[in-house]
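Two complexes come next, and they have one chain in common, subunit A, joined by subunit B in the first and subunit C in the second.
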Partner chain A sequence: MPRDALGVLSEIKRSFITKQLKEGKRGDGRGVLDFREASITTNYVPRAAGSAMVQLGKTRVLAGVKIESGEPFPDTPNSGVLTTNVELLPMAFPTFEAGPPNETSIEIARVVDRGIRESKMIDTQKLVIEPGKKVWIVFVDINIMDFDGNLIDACTLAAVSALRTAYIPASKEGGKDMPLPVDQIPVSVTMVKIGDEIVCDPDLEEEQLGSARLTVTTTEDGHIRAMQKGDSGSFTLDEIKKAIKISSDTGAALRKKYFS
Partner chain B sequence: MAEIKQIVMPGDLISEELGKPRNGVYKNSDGKYCSSYFGIIQKNEQGVDIVPFSGRYVPRRGDKVIGKVLEVGPSMWPIDINSTYNTLLHMNDTPWRTTSGDIKRFLGVGDYVYAKVMTLNEIKESWITLKDVGLRKLEGGHITSIPAPKVPRIIGKGGSMVNMIKDATNTRIVVGQNGLIWIDGTPEDVIEAIAAISIVEQEAHTVGLTDRMEKYLKERSVK
Partner chain C sequence: MGSESNIKLLDENGIRLDGRTPEQLRPIKIETNVLERADGSAYIEWGGNKIMVAVYGPREGYPKHTQDIEKAVVKARYNMAAFSVDERKRPGPDRRSVEISKVVSEALSSAIMVEQFPRAQIDVFIEVMQADAGTRIAGLTAASVAVASAGIPMRDMVVGCTAGKVEGKVVLDLSKEEDNFGQADLPMAVLSSSKKIVLIQMDGDLSLEEFDQASEMILKATDNIAEIQRNALTSRYSVESIGDGE
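Then we have the complex of A and B:
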């Protein structure tokens, strides 16, 4: 994950945050497992098939969905295609540069993609127009507008919200426009380990302080759909079990709050 | 919503009746005064200023700023003061008895100092000093930041705003001219003070902010 623009974390902030964590609180006054308030605006881009702007604290991401007809992959002739792409816009953060995707943006895109794909959120079987020849291809493009930590969760929220409002432009193929078939709702919860504490939804400073990061994406039935560990630190087995418990509980609360 | 000050875009005409044009105003080819920033018009006795909504800190000699140590050299500390260039603090400009090569024990990477801009060159590269009353290494507390052009708003007329926040939240606050703010107190009070400062930052373009902040802080303290 990107560091502070100059790569130097302030000693004062570090001691303030770690001191607060010992009291079971966060640097910005949140509880250890609390998420920042998210605001989701769907249909933010009227010309897209589906779109959503998500603001999570000061982190702001915009997801757009485009659905086109095209050829399926030869090994999966009977299912549609889903591709996810994340762009770190230079205006979001001083260290973000324009150009081809880098390690960070690929990681975010793949974790978001995995959560959506493995939860079977989109029934790709229903995206077939003509088996082996023509299927619907769903592009999810996510742009990071402002960066203040926890891009993975913000991007998952945005991608899921955008897909939920997306429609298939079937009228172009002689059919009738229809909403994208959406089933499960994956919700990702990212945690970082600071000292021995696990905190949810890290902001920029906490992300810099954390020794290790773990993202767990769950669906309503409690199944784990995606997991990603980042940074150089380590988690013990008990901590991973605790993190999974946290993510399914917090994920359920988020799903209730934003997707019901 | 409270009454807001007039917002201008770059190139917008500034009425000459407002007074002598000062910072952020230029004369276009027709001889008319225009704004060079996206910001608000600030009128005072000396003339009219454009206060931009955001931007980096432009150092001025004598300003007291808060800076973060980026590196430790043999005899200098490169310091980030949120300006276009990093500034330098030489070991001879500190109150400590330093010897070259052993300055790490006084200031390490990531430490903050409250320092004064000592010299400036034509392109605003600066050198800072710790040799003056009240200048020191900042220890404990917490740091928050706002865009440098909004610093006068946080301080208020004769320090009215910052003193009000200090009294209401029971904290010690040091405001650097470069937009970095150091706050010391109990963690709850510090978080209160940061919340108050962010309100001032977001509503810096409105009129009568001090009165509204007074009301806000009173309501908070009742709770």
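Then we have the complex of A and C:
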């Protein structure tokens, strides 16, 4: 993740946050495992097949889904296609630049994609128009509008919300428009390690302070569907196990809060 | 994970397609100092994987805006040859290789004493000549040896392995078929003596118990792989071996 505009977090802030955390407190009054409040506005862009504006604390992302017919991949002729792309808009942060995806946006997109794909949220077998020839291609494009940490979870929330409300424009292929068939709801929970503390849903300052990051995406059955460690720090196996537990508990709460 | 298949990945005795038991590694061979020009290098064969790694640096960070005033920046580049896989791969970086390069760079940064080289960069070129599942971990394991052979100070070696799930059973070191048709893939790398986890990714479907089982299996295996790394370095650089060469 990019450092702040000046490149470094001031020493005063750094020691303040670390000291607060030792007492189990965070800058904005949250507990270490608490998520920021999220607001999700679906159908934000009616022109899209599905969309969601998500505000997670002060992080803001907009996901839009477009569904078009096209050719399947040769190795999966009987299954539709899902592609996920993330764009770090220059408006979101002083050091974000326009241009082709960089390693940060690629990593976010691939982790979000893995969570959706591996949870079997979308039954891609149902997206076949003509076996081997024509299938529905689901494009999930996520724009980062305002960056205050934890883009992976904000993007997963937005993508899942947009997909849940998406419809397949089957009328273009001589059928009837129908809702995109969705099943499981993947929820990703990202944590950072600051000192020896594990903190959920880090804001920008916490993200910059963290030595290592871990994202765990789970489904309703509590199973792990995707994981990704980031940054150059490390975790012990016990910390990872604890983080997985946190993710499945917190994930269940978030699923209930936003998707039921 | 991959698609359904009719291939039976485990027989009734729990033996795998290639004859291995669930906890058995494929054969691994590491050689070091195999390239002339690079500051450090290593070659690894892991099952059917054939991967060459070259290390250049520490050298001045370029372009300048990528420099870090506090430490060296590790720039790993994971690259697959066009002919390394069944279907020709379009040459050059794709999204997958960009992601792998990122997580491998981060893992190596944990081990290298980057704080000793502010404003420098350390380039690690990982060239997959033949791919046979588990390339990122094989590449990272070899990269650690290559960095050591470049004489770059490290606090520990990085060593990794994958585990996964096939036909509902947790197995170590997935083969290509198991990777393609299995239900989960968990690549993991640790610092070899402290066992701190510096790379972990997962995709597929694992319960908490299965994760515990898979991670224990990996940790156990890393001891053996670390031994192979050590042997590669000592057989090339120990006082005796250098003496023999002269």
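Everything that follows uses one rule, which is that the second predicted complex is superposed on the first by the 260 of 260 C-alpha atoms of A that agree within 3 Å, B and C clash if a C-alpha of one lies under 4 Å from a C-alpha of the other, contacts with A are read in each partner's own complex, and residues count from 1 in each chain.
Note that a contact is a pair of C-beta atoms (placed from the backbone, for glycine too) under 8 Å apart; a residue touches a chain by one contact, two chains touch by 3 or more.
Please read these numbers as outputs of a predicted model, since none were measured by experiment.
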item: Side-by-side fit of subunit B and subunit C on subunit A, or clash; value: fit
item: Which of subunit B and subunit C A:Leu237 touches, first, second, both or neither; value: second
item: Following superposition on chain A: angle at subunit A, subunit B versus subunit C, Cα, nearest 10°; value: 110
item: Touched partner set for A:Ser260, first subunit B, second subunit C, both or neither; value: neither
item: Touching partner for A:Lys245 - first (subunit B), second (subunit C), both, neither; value: second
item: Subunit B versus subunit C, judged by how many residues of subunit A each one touches; value: C
item: Touched partner set for A:Lys25, first subunit B, second subunit C, both or neither; value: first
item: Subunit C versus subunit B - closest C-alpha approach in the superposed model, Å; value: 9
item: Shared contact residues on subunit A - subunit B and subunit C; value: none
item: Footprint of subunit C on subunit A - complex, ascending; value: 75-76, 79, 101, 103, 106-107, 109-110, 114, 117-118, 214, 221-237, 240-241, 244-245, 248
item: Subunit A-touching residues of subunit C, taken from the complex the two chains share; value: 1, 3, 87, 95-96, 98-99, 101-103, 106-107, 109-110, 114, 186, 191, 194-208, 211-212, 215, 219
item: Subunit B to subunit A touching residues, read off their complex; value: 68-70, 80, 108-112, 138-143, 182, 187-188, 190-191, 194
item: Residues of subunit A that touch subunit B when the two form their complex; value: 6, 8-16, 19-20, 23, 25, 27-29
